[in-house]
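The two complexes that follow have chain A in common; it is paired with chain B in the first and with chain C in the second.
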Partner chain A sequence: MTYLDYLAFSVGFYVLLAVSLSFPANLAGMMVVCQAAFCAIGAYTAGLLVPSLTHDGGWVLAASIPLGGIVGAGAGLLISRMRSEEVVLATLGVQMIASSLLLNSSITQGPMGIPKVVASSWLGFETQSDLIPTLVCVAMAGGAMALSVVGRRSRWTLSLHAMHDDPVLVETMGHSATSLKIQVMALSGAVAAAAGTLYALKITYIGPSAFTVTESIMLLTLVLLAGKYSTTGSAITATLFVLLPEALRFVGFESYVIAHVRQIVFGACLGVYVAARSRNARSHMVL
Partner chain B sequence: MRMAQLIANGIFDGSLYALLAVGFSVAFTATLFYDMSIAVAYVGGPYGLLFLMSVGVPPVPAVGISVVAVALIGAGTHAAIYRPMLRRGVPGLSLMLVSLAVYIVAENILGIATSDERTPIMLLGPIRQLRLGGVTFTVTQLVLVAVALASAGASAYLVRATRLGESLRAVCDDPELAEASGVDVSSLRLVAATWAWAAASISGICMAMVVDMRATMGLTALLVAIVSSLIVGPRRVMWVGFVAVAMGVLRHVAIWRVSSGWQEAVLFAVLLFYLVARSAPRDHYERSASA
Partner chain C sequence: MGHHLGKLEVLSLTKRFGRTTALGGISLSFTPSTITAVIGPNGAGKTVLLDILSGLRRPTSGHVTLSGEDVTGYPPSRRARLGITRSFQAARVFHSFTFGQHALFSRWLARLHDDQESELASGPGQSTALMAQRLMDGLSADLVSTPMGELSYGTQRMLGLIACALSSPKVWLVDEPSAALDDVNLSRVKVLLLTARERGSTVIVAEHDLRLVHELADVVVQLDAGEVISVGAPRDQVGKPSIND
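Let's turn to the complex of A and B:
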């Protein structure tokens, strides 16, 4: 894997994850802190399918997307009646349970993780090139971005905006807020699972340390920094999230310090952003 | 006999959670938001102690200095960040996210300072084991349980039976009315936050004496405290302590059926179950009301 390939994949991967989280967080106002768990569903689906059932990356991706959607819909159903702070706590709980599962289950091979997740073909075409996951990831990230831009004035998106601002009004107008929440969480889970599958096929190893609560919190930070209703903003913050450590590497920081500095910078930005936005008189509307 | 041992271990863990949960509940009663930055105090206490001992301060004064320093940092954080937001009536979710940001920044600074290594604190010398019936425990555990339960009990008493506690409960019920009645709400919230940070640092120090500590251990412990506080609700600080002890016992008794790695999953399953169950009756009332 060349440096540029790694960089392109990382940008695509984080943009895909950020866009997946921006659907519930930015469009519907649901602060979900279990995106890493959804991503893990896709990654472990690839880890379990590739050695035993199929070596085709396309089929693995096709299997993981509906699975992620189903789990996302389940999570959406669980949190559909909760208040905003309870959604944060409940999804933190889901993330912690998922982390325990990845660490302790024999199916996921515990802390050892699953090695050699290599796809030898894509939709029937034999290829061992590790550029394919990068290309698919960048294409999916671009596609998700394009869809969110094209569909931003759609009836469904506007219903989500309305639910963000006033859920009672949405119910009064005949929309089911519960149904909207389940739909947006299913979409979010499906896209995050796709990102996870591509991660597994690119890195060819998956372990529980890649899908921790810290990752979920950082993703939420990226998405919140993008601002309300903005999926394109999420893509920009995700790109900065990948490029910042690369800049720090040239400054000469050690690798473990770089990871911490990145989180400090984005954590501080989140705090300043939310505090500054809440100066607005209509502060309940800003998130 | 193994069950008795598990329950004893659970009471030990639970009493440390109880101290953290009681502190959190005091802060929540005053401010009515989930302050995630209290997890910083849980980790900051033991690391402060470790630093002071490394520069030659004797253990007992080092504990006191560390707790006071962490409490002052908590007071400073509240005064500088949360108090202006609370005055403007910023909603709980925004405050919670800001506190999460404070936690992220502080946790990562600690991570850099400690090079992400796990560190034990040896404060009470060699561990002496005692046996009572079939249950084995250490002198350290006994001392720590006594310290934690005494601190939690004192906090609960203060909220329940003193004038300060009465003001705190009044602020919880209606901050505007309490302010109009002459309660200095801002100062009271500052005291509650300082109190919570001090309690969390004592709890963290006690826990760090029996397990290796690391910069990330605060969030899990705080979530247990939040679960206990959520189940009981604000104001009833004493009951929050009891529920936290019960959570500790549940965490250990779970080992009876599953391996120890699943302990945290059991706790968070309880949190999830509670939140889902709590959200269901609201729907029922809403339906009844609309009918």
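Let's turn to the complex of A and C:
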């Protein structure tokens, strides 16, 4: 894998995940902390299918997307009657259960993970190129972005915005908030699972350490930094999250330093964001 | 006009919160083309009754029927699709929406969006939605295009009521229409309520302002401690000492 390939895949992967989370978090105001678990569903679907049942990346992707959608819908049903703080806790619980299962189940091969997740064909076309997952990932990220931009004035998106503002009012106006939450979580789970599948096929190894609660919190923070209703902003913050630390390579930092700097930059961004929001809230106070 | 008719009835409706009885087995009938005012002191059960009628609360026992259909177990969204619209005592609007967006959303949910223009142009008489549209047209462009979260509380309330009217409600449940409204906005709301009645809607208003009750209501239901004290015409009810206290 070349450096540019790695960079393109990382940007596509994080954009796809950020967009998947921005549907419930940015558009509908649901603070979901289990996106890494949805991603793991896709990754482990690939890990379990590829060596034994198929070597075709396209079919694995086709299997993981509906599976992620079903699990997402289930999570949506679970949190459909909850208030925002309860949604955080419940999805955190889902993430912790998923992490525990990945770490301790024999099916997922516990902490050892699953190696050699290599697709030797895509929709029937034989190819050994490891560029395919990158191309598919970037194309899907672009497609998800385009859909969210085109659909931002759609009735469905308007309904999600309305639910963000006042779910009770949405209900009394004739739209089922429960149904909306299930739909948006199903979409989120499906897109995140697709990202997970592509990750597994790109890296060719999956282990539980890639899908921890830390990843979920980091993703939620990326999306919150983008601001309310902004799917495009989520994609931009995800891109910056990948590219900014990479810039440090060109000023002489070692790889192991970059990971730490990423966290420091991230923490600083969070501090600035919260301070800005707090100042904004104070400016609206009536004394 | 037939689809606007909605007779709403409650039968032996009881609601308890722990040991407190909010509604104690009341039975009432609300007829179309009528404004029914539900009055009573704080804690009488007025808002709880509206909550149960709109589906926001489930009764402990008893039934709610709309044109003969038992809707007791229906969630608020399903009742809204049957034509039951709820306005709240507090200003409940979508804060990030402009009123224009809110109105569009309201019409869409009422499945009027696609044929709104034709209904407005050719509907029999002055429909509630048409009157709401006229009121909306009379608002300043700034008011219609400003996010509602930035508007004053009273304006939010008035716009919320107009948005409800845009959905051409079959049954309109209105909690304290006079709360936080100045005279100009209150007169707009009165026009809407009277138009809804003329249009054949069943209008149920929970209200403290007895002058407004006297002005608008055809029937007054007096509640106290979850019990129906009296039902009758406003001139027979409003003079009673228990109401005027």
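In this text, the second predicted complex is superposed on the first by the 267 of 287 C-alpha atoms of A that agree within 3 Å, B and C clash if a C-alpha of one lies under 4 Å from a C-alpha of the other, contacts with A are read in each partner's own complex, and residues count from 1 in each chain.
The rule is short, and it goes like this: a residue touches a chain if its C-beta (ideal position, glycine included) is under 8 Å from a C-beta of that chain, and two chains touch if they have at least 3 such contacts.
Remember, predicted model here, so these are calculated numbers, not experimental data.
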item	value
First (chain B), second (chain C), both or neither touched by A:Ser84	first
Touching partner for A:Leu147 - first (chain B), second (chain C), both, neither	neither
Partner touching more residues of chain A, whether chain B or chain C	B
Which superposed partner A:Ile236 touches (first chain B, second chain C, both, neither)	neither
Partner chain(s) touched by A:Met31 [first = chain B, second = chain C, both, neither]	first
Which of chain B and chain C A:His175 touches, first, second, both or neither	second
Which superposed partner A:His161 touches (first chain B, second chain C, both, neither)	second
Contact set on chain B toward chain A in their complex	33-34, 81, 85, 88-94, 96-98, 100-105, 108-109, 111-112, 115-116, 216, 219-220, 223, 226, 230, 259, 261-262, 264-265, 268-269, 271-272, 275-276, 278-280, 282-283
Residues on chain A engaged by chain B in the complex (per definition of touch)	31, 78, 81-82, 84-86, 88-90, 92-94, 96-97, 100-101, 103-104, 213-214, 217-218, 221, 224, 256-257, 260-261, 263-264, 266-268, 270-271, 274-275, 277-279, 283-284, 286-287
Touch list for chain C against partner chain A, complex	54-56, 75-78, 80-81, 85-86, 88, 92-97, 101, 104-106, 108-110, 167
Complex interface listing, chain A residues touching chain C	155, 158-159, 161-162, 164-166, 168-179, 228-229
